[in-house]
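Before I ask anything, here is the structure I am working with.
Read from first to last, the chains carry the letters A, B and C; within each, the first residue is number 1.
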Amino acid sequence: MGRYILRRLLQLIPVFIGTTFIIYSLVWAIPGNPFAGLCGPRGCPPSFVEQMTEQYNLDKPLPVQYVLYLGQLFQGNFGETFNGIEVSTLIQNAYPVTIKLATIALVFEAVIGIAAGILTALRGKGFVDNLVLAATLFLIAVPVFVSGFVIQVVLGVQLDWINPSVGSDPTIGELLIPGFVLGSLSMAYIARLTRTAMFENKRADYIRTATAKGLTPRRVVSVHMLRNSLIPVITFIGTDFGALMGGAIVTEGVFNIHGIGGLVYQAINKQEGVTVTGVVTLLVLVYLLMNLLVDILYAALDPRIRYD
Amino acid sequence: MSATDDNTGGSPGARLLEVEDLHVEFRTRESTASVLNGVSYHVDAGETLAVLGESGSGKSVTAQAVMGILDTPPGFVTKGSIRYRGEELLTATEERRRGLRGENMAMIFQDALSALNPVYSVGFQIAEQFRFRRGMSRRDAMTKAAEMLDLVKIPNAKQRVKEFPHQFSGGMRQRAMIAMSLALDPDLLIADEPTTALDVTVQAQIMDLLDELRRERGMGLILITHDLGVVAEVADRIAVMYAGRVVEESDAESLYARPAHPYTEGLMASIPRLDQKGEQLASIKGLPPNLAAIPAGCPFHPRCHRAQQECREKLPELHELGAGRRSACHFAEELISSD
Amino acid sequence: MTESTETRSVGERTTSPEAPAADERENRQSTKQVGLWGDAWRDLRRRPLFVISGVIILLLLAIAAFPGLFAPGDPQAQDLSLAREGPSAQAWFGYDVLGRDIYTRVIHGARASIVVGVLSTLVAVLIGSFVGLLAGYFGGKTDSFLARFAEIFLGLPFVLGAIVILSVFNAGIEGSPGTVRVMTQVILTIGVLAWPISMRIMRSAAIAAKQQDYVNAAKALGASHSRIIFKHVLPNCLAPVMVYATIALGQFIGLEATLSYLGLGLTSPVVSWGMMISDSQQYIISTPHMLLFPAGFLVITVLAFVMLGDAVRDALDPKQK
């Protein structure tokens, strides 16, 4: 087990370097002059350019710049924006909000998605099944910026049930609806995944064996069918947490939530490369670690998986 | 052969199970297949009935109907009767039928690897019955589970009880399956192709184990197989099925001596025998019939080398031939007398 | 292959409802690829989901190809006196804030969405399938290397990655970028970020296919790698990738709209649904039809492709029957 985790950790390193290097080179290298448009129409003062060039080693070749940047990053130094604000402070302010939002989304999608999936599988083909399938199709087909926008206008502006613009330091209650919107797509996937797995396992030989042993239908479903069906669902939920953090950008934009997504979107518009690379690096790290966690969890859930 | 037996448990010779004129249809969106078309057989306490036939002949479906684990849909029992110790099962409540499963009748399946739940230990799956049917504590149930593994001669049972199905070899897995089926001490055991997935040497061991356990416990055993060779040693009586019907029923000895149905003849001719070394093995030509469109007359006639005009027109009834033998062939009498 | 298999499958279904169907499928795949697709087609024609989505998609393709036939007007024609007017007999979908006919604009917006959707799917699926096929077939070191390489792109959050890439490329352009350039950028961005998914699908299909006996037989007979890959392995891996491609097409259309909504995708004078939705934001209360119609078309389009993918998957997968 320990060796397995170690091996997976080692495998993460090239992936982490690859992903962050791509982002780094995109942000710093491609547009040519990294200061173009950064300081407004008059251009940046030479002293600033000089200071930045030195601080971020912009005169050195790209790989060297990148390695030096990573080195700084691992010492906890995310750098400063043009206005002199520490990027790490920005992240500290924004991250808790996004984690809250993603967690709410995850709870919604897991609870509703799994419940819907189980319900359809138990009822068999028929009205409930068709209803859930239609609902998942609809959730998949409506882009988040449309559903978020409509919900914001209807619930927030017309019915006045929620605060349409959440603002900084939101409460859990304020994040419920945005969390629901954020999780809606994955909710549909989880419902379908659970449904498919349950339908497949329903006809599995070991379910027939369990029935032949004279176990109650409740036990057959809740112990034998569910455990096997939830393995793929749980791995999906794990990977999704990493994806939700980076995917919250649109939802945060619609509801004006000051989270990671909002931060990075503003940074891109203001061309604050330091903030963008810092945040994205962090997101990539979270995503990869969640994937690792899922792999380990998977091995723990399914005894057939060997750690070799 | 083991035609007579020293029974220890139950009342030897008591009628355990009677299946009578059982009809089952499989209904799909496209078509309806008549999978069982009037199956009748019975099993007494302490005896082994071998049910023989090609895949698709309805042997397993009959067993599933008896156990009450037929997948519905697509399977529907449309007619007939299944009686356990005289009690009609087809009209019994689901709760009553569930009570009988495991406790009075149990079943073991062909592929133990897929029939055991991969994510639970073997011990857990055996102990489950003690915990939820007998109200035992988790710990006591596990001890009992280890005892059951010991009973089926799995070495090192105390350790192995914690292992998962994929960690067992094929033969050991089938033993574990048998242990699981016997946990609640049923008096009827249905073994659906218990050795088909195993090596030949292991096959014999499993067969011996089943035979021994049946004798010790005085159980009735229904042995479903497509392999006439497998059952030769252990079967008291044999029912041969074809296209959802029993076409021949006989004590094992007479059947081996002289089959009363051309289909049984064909099955026997396809067993390799030591005294016929070097000769080409016979096989039954053609394929089993499409169950959605069973041919008129005798369903076997398109493959039968004895088929006459009568066979194409008239469905032969399963009729008595004397001495407990029955056959569904128009020419059964000729078959057993001629030579 | 017709009558006899039928017989068997019905008969064997009595023992285990799943096994025979899988066997049957294997048989068909090894002997005749046509059988699987032919069967799927026969099955598909009877599915209402397929028929409905098929009709919608054909209609959308027609609209994208010949928008003038459906809406002869000019999508840019403005008449400020008509601004924000609701749906009427003259203008079925009403007018936007600049007095442009929303129906005409929605019809003309279809082309951009469909073109981006189709081309980005092609890019993603072609790259992904090729890499996945190599990784799955050769296995070992090739596989680990390609799998890590794919993970690099999977590690980038999808929307965020697209925003970074597009903003960087947009920033490099002086003035307003040309339509073709922006479209190419969006297509390549989606393709680059999405290819690892089809790579994974193709990879596992290839691993399953290469273990089949007929592949071993071909190897034993000395067939070259390329012959085995394209003749034996690829045909057996197409089904799952096709299903993914259909569903992905719908999702990419939604993604393109999201990017246009964020101001990173298509810009005026090209008409696109995402832009129209974005434009409607400030006027949603007074002019809800500005949102309703482009969003409705977008949702129906995505829905049609996802439904088609569902139907195809069900038809190709015997377990679902």
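By our rule, a contact is a pair of C-beta atoms (placed from the backbone, for glycine too) under 8 Å apart; a residue touches a chain by one contact, two chains touch by 3 or more.
Not measured: the values here are computed from a predicted model.
Chemist: Of all chains present, which has the mean Cα position farthest from that of subunit A?
Modeler: When every chain centre is compared against subunit A, the largest gap points to B.
Chemist: Just list the two chains that share the greatest number of C-beta contact pairs.
Modeler: Result: the chain pair A-C has the most contacts.
Chemist: Just the number, please: Cα centre separation of subunit A and subunit C in whole Å.
Modeler: Here subunit A and subunit C have centroids separated by 22 Å.
Chemist: Distance between subunit A and subunit B based on Cα centroids, please, to the nearest Å.
Modeler: Chain centres of subunit A and subunit B, defined by C-alpha means, are spaced 53 Å apart.
Chemist: List, in ascending order, every residue of subunit C touching at least 2 other chains.
Modeler: 17
Chemist: Among all residues of subunit B, which ones touch two or more of the remaining chains?
Modeler: In subunit B, the residues touching two or more other chains are 71.
Chemist: On subunit A, where are the residues touching two or more other chains?
Modeler: 203, 205
Chemist: Given the complex with subunit C, which residues does subunit A contribute to the contact?
Modeler: It is residues 11, 14-16, 18-19, 22-23, 26-27, 30-32, 36-37, 137-138, 140-146, 149-150, 153, 157-158, 199-200, 203, 205, 243, 245-247, 249-250, 253, 261, 264-265, 268-269, 271, 276, 280, 283-284, 287-288 of subunit A that touch subunit C.
Chemist: Once bound in the complex, which stretches of subunit A touch subunit B?
Modeler: That would be residues 203-206, 208-216, 219, 223-224, 227-228, 231, 301-304 of subunit A.
Chemist: Provide the residue numbers of subunit B that touch subunit A in the complex, in ascending order.
Modeler: Contacts found on subunit B: 67, 69, 71, 98-103, 106-107, 109, 111, 114-121, 128-129, 132-133, 164, 166, 177, 180, 184.
Chemist: Any idea which subunit C residues touch subunit A in the complex?
Modeler: So the residues of subunit C touching subunit A come out as 16-18, 148-149, 151-153, 155-160, 163-165, 167-169, 171-172, 250-251, 254-255, 257-258, 261-262, 277, 281, 284-285, 291, 295, 298-300, 302-303, 306-307, 310, 319-320.
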